[in-house]
Amino acid sequence: MIFDPNVILKHLPEIIQGTGVTLALWIAGMAFGIALGFLVATTRRYGGKATNVVLAIPVEILRGTPFLVQIFLVYYGGPFAGLSLGPIPCGLICLTVYSAAYYSEVFRAGFAAVPHGHVEAAECLGLSRVQIIRRILLPEMALIVLPPSVNLAVILLKESAVLSIITVPELTTTISAIGSQEYAFLEAIFLLAVIYWAIVEASAKLGRIAEARLSTFRFSAP
Amino acid sequence: MSFKLFFLLLKAAGWTLSISLVSILLGFALAIGLSAVLLSSKRLYRAPAELFISFFRGVPLLVQLLFIYNLLPFIGLNVPSVVAAIIGLTLCTAAYQAENLRGGFESVPRGLIEAADMAGFSVRQIFLRIKVPIAMRLTFPALVNEAIMILKSSSLVSVVGIVEVTKMAQDLASSTYLPIELFSSAALIYLVICWSIALIGRYTERALPGGVK
Amino acid sequence: MTLPAINVKKLVKRFGTATVLQDIDLEVPEGKVSCLIGPSGSGKSTLLRCMAFLEESSEGMITVNGEALGFFENARGERERLPAAQIRAVRSQIGMVFQQFNLWPHMTALGNVSEALKTVHKVPKTEAEDRAMAQLKKVGLENRANHYPSQLSGGQQQRVAIARALTLSPKIMLFDEPTSALDPELTGEVLNVMRDLAAEGMTMVVVSHEIGFAATVGNQISFLDQGRLLFTGAPADVFAKPRHPRLEQFLDTYLDRGASMLV
Amino acid sequence: EDVLAKVKAAGTLKVGTETAFAPFDYIDAGEHAGLNVDLFAEIGKELGVKIEWVALPWEGVLPGLEAGKFDVVAGPATITKARLERYRFTVPIAEATVAILKKAGAPISKPEDIAGKAVGVGKATAQLAQLTEFSATLPTKVDIREYPAFNDAYADMAAGRIVAVANSLPNIAFVAKQRNGAFEVVLPPFGKKTYFGFIGTKDADHASLVDAIDAALLKMKADGRMAKLQEKWFGQKFDTPDAVKDPAF
Amino acid sequence: MTLPAINVKKLVKRFGTATVLQDIDLEVPEGKVSCLIGPSGSGKSTLLRCMAFLEESSEGMITVNGEALGFFENARGERERLPAAQIRAVRSQIGMVFQQFNLWPHMTALGNVSEALKTVHKVPKTEAEDRAMAQLKKVGLENRANHYPSQLSGGQQQRVAIARALTLSPKIMLFDEPTSALDPELTGEVLNVMRDLAAEGMTMVVVSHEIGFAATVGNQISFLDQGRLLFTGAPADVFAKPRHPRLEQFLDTYLDRGASMLV
């Protein structure tokens, strides 16, 4: 088998499109996941003990089962429960919920890492709960949650390859189809590896830049 | 859903467990070596290890598995399915664990090493008697997490021809048309295993002597 | 006798089943400096935190300038929680300075001091910063206004924390071991700021290991041990003729090391 | 190095396949079953070797063959011109002409009725090529959905995401029988007459092995074993040629 | 005069371009307690760490009981590093106790104390543990032998650290602020152990903020400021008639607060 770069050139438009779908699903799933995860984390922190325990159940289930099984359950089992979703909506919803579970834990750890005294100082000065979250907790934990968030983003990008199994027309689906169509398996796998790797490296780099920006005000923790 | 189907899933869980377990152990051994290289002061030694880690952390496991299964034969290494699955999971987890361990070694407080230095320990004795146990203790929670991650990732090894829990559920679902029951059962099996690992991990962690404060 | 600034009556505080404060009765005189001393774990911080309503007491009452803080006794003699707005109003008369400073690391010194004015009291930015600047000047840090906490020494951080608590013009200031996280040489600058405050007639409650400060600046010293208030009196009484054996023993550990210095 | 000699020396013939292609290969209550299993059992007897199965997703099967993961692919695959250029097929083992399987009650009575409707088909299959070609002849195009395995397409039809699946007649006949009442076969088949064969590689090393498999299959055809197995799995036997030199497309 | 236990000659220590120690000359008399005092950042820890060869000096010489530590001056008057084995031999005469205790968290108290005997000196396990136990007894912790550091109070941890350093029978013990990480009430037990050691005639160098200890137990006190040794003398000279203005100022911050206690 010889490596034939022409295959890649010939299918460039499809490859770009597949990359686009992967990026779009990844970013959208993550954005919704971050929002939902933040909501879950704040609700767990301020909603009382019972709410905290009740919310822990779905979070732990989502974190304790493979993403693949979750997709299968929703995609193939959903219709039997009256939830018939196309591959893309199903993929997006699964990615959102899955990432929300993980992000909620990141935020929970972030909240916990802000010294309680900083919150108390704000309470003493009369800041309301919402003001404390917005003005103290969020900015203070931004630096703490950034590295795990970037890590998580990378993990989610890689998990999104699993969506190929329910025919979402993303990167892995597209390229492996090209591979079997052209009998260019070597090229396909190689290309997949390179594209994912490039996206991961780029996002890690972005993460480091953001971290450097954020930490300018904090040479060392007091 | 009949008990027979569930029993088939349980049998397939044997593959899930054994492949994950072997990969975790092999991966850990490899990770210790890798982290030692990563801590080297010579850029020349570090570079290949960093490249290795960057690749295995930057490429989806699905693609890695295909890589190993379908491309290794072209360099004359024709590995059977089980071996390919174990190699894939091992290399992947080694990359993650090596990073964890590196962090662990770096956060062994300097003072503890100086104390050993004062008592006349050799470099090797310091590594074995002080650094390794403390780094292990510091990275233990991350290690347990990694074990859980690998267990979940093992659902992907069906692409190289292993019928583990997920693949079995998928096969059974396509002949019995009971996807909800089968995939829920698969999820349950994963949950029980993952939670057991987490529980054992937490128990062991508490039993381990002293963390660094 | 004028109304005490803070009046603690029959205060009990339990954490779960552990009783940490037991039947505390204490009057903090207005315009004076009251010091709380006692061994580690005796409940000093907890008592101070109850006065700031950072901990809710389990029994008893606290009044601040005559107004009930947190709880009041209703007509049937039952303990009842006050509405949140009222709690906030009473609490606004109190400023608190913590052992660990608790400055917000993502804001400059000026940001820390002006934050509450801006967010809580909706004071316009420029006015808030002018007022914050005035407070920073008072603690001698006008030239450090744009530094982040991590760029300040411990003593400077604690002075910013004091300025922050002062901006809302509290009537009473609570200090929880304000110098014990500082290097010995840096405590002086903080103690000086506190001395100035005392000289201005600010009502202060200070938990402190700085027996020197307590002795020279304090007007009233209270000794806590195992959750009980064993003694309250003037400094002279405390140091001259310690009566309670536990107090005597406690002071010994200090005097022993202090006195030997002059040998 | 001659592969037949190697297989005989090792005593095992490695066969790659996908197990989501009933009735050729599928999982029946956890066990690998189907026509292929029976056929290869016979082939194994003829060659005097044991059969070792390697089950992969279809996308992994042909790369696996090229990578030497196994000696031959059971599949089977429709014999097409394009594939003949790259692979060597064995003696045909069944007809592969494409027909429509519909959800019971769907308003489809002849193949042309799928115009404008959502129809599932396997990704990168010969059936996909035929369906695409057929769709082009219809007034409104068919909404073609590609699936990694036909089982996923059937599952989606049961779930109602698609109304029909295009696949080779033997496959859908089996599925319709299995899921009695839920799915129905739409006759006649719309595709050109095509055949299924097992797949081997074209290189010289493998020639003797595929020759030996061919010989075994022809022997089974001659002595009626093949017909009996076709009856068992399809409920009918097929009249297949001894070799396909020039496929319909 | 007998040979000094440690002799520091013209010692210079630079970190990068910063000179942290400048021309230090110091003789640590045998069997006596020498204290190093000075403001934060003056170089006390660095000097002590040079004596333990945990830092390599940039210029100058240190000899321990007459033997060169780390570097020696060769025939041509050049500074040359000694072979590792020789460094180890000289260093084995020195025991070090750190401010942060630095106990190994994965070993019990007994494990910490016996570890070096076992791994470095290959003493059989039972003998090593017997000897370790004897040391633990000496610091009053025989009943805590099987506790892990996390299960011990700060004072107990520091005493284990002292026992650990003593097991190798060093001739000289170095202490870097051994009590400053401890609660005031817990320092006593560590200072008592150190007093006992001093009474036994152990040569000790102590960096300490505990001026009381320095005054009562120290035989020699050295005052460092900004990397220079400004004063060395008997405690009486230091406290009675402080000559150097910087020393006077430094002591003031202590005496001010210490003395006021007796007001």
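Residue numbering begins at 1 within each chain, and the chains themselves are lettered A, B, C, D and E in the order written.
The rule is simple: a contact is a pair of C-beta atoms (placed from the backbone, for glycine too) under 8 Å apart; a residue touches a chain by one contact, two chains touch by 3 or more.
For clarity, every value in this text was computed on a predicted model and none was experimentally measured.
Counted as hops between touching chains, the shortest connection from chain B to chain D is 1. Using the contact threshold fixed earlier, the set of chains in contact with both chain A and chain C is empty. When chain pairs are compared by contacting C-beta pairs, A-B ranks highest. Look at the CA centroids: the one farthest from the centroid of chain B belongs to C.
Look at the CA centroids: the one farthest from the centroid of chain E belongs to D. Mean C-alpha positions place chain C and chain E at a centre distance of 38 Å.
Here the spacing of chain A and chain D, counted between their Cα centres, is 39 Å. Chain A and chain B have centres, each the mean of its CA atoms, that are 21 Å apart. Averaged C-alpha coordinates put the centre of chain B at 51 Å from the centre of chain C.
Touching two or more other chains at once are residues 1, 76, 80, 164, 185 of chain A. Multi-chain contact residues of chain B (touching two or more other chains) are listed as 66, 70-71, 74, 173, 179. Two chains count as a pair here when they touch; such pairs are A-B, A-C, A-D, B-D, B-E, C-E.
Chain B meets chain A in the complex at residues 54-55, 57-64, 66-67, 70-71, 74, 148, 152-156, 166, 169-170, 173, 179-180, 183-184, 186-187, 190-191, 194-195.
Residues 59, 62-63, 66, 86, 123-124, 145-148, 152, 155-156, 158-161 of chain D are the ones that touch chain A when the two sit in their complex.
The part of chain E that touches chain B in the complex is made up of residues 52, 54, 88, 91-92, 94-96, 98, 100, 102-108, 115-116, 119-121, 148-150, 161, 164-165, 168.
The touching residues of chain A, counted against chain C in their complex, run 115, 117-118, 120-128, 131, 135-136, 139-140, 142, 217-222.
Across the complex, chain E is touched by residues 109, 111-112, 114-122, 125, 129-130, 133-134, 137, 208-213 of chain B.
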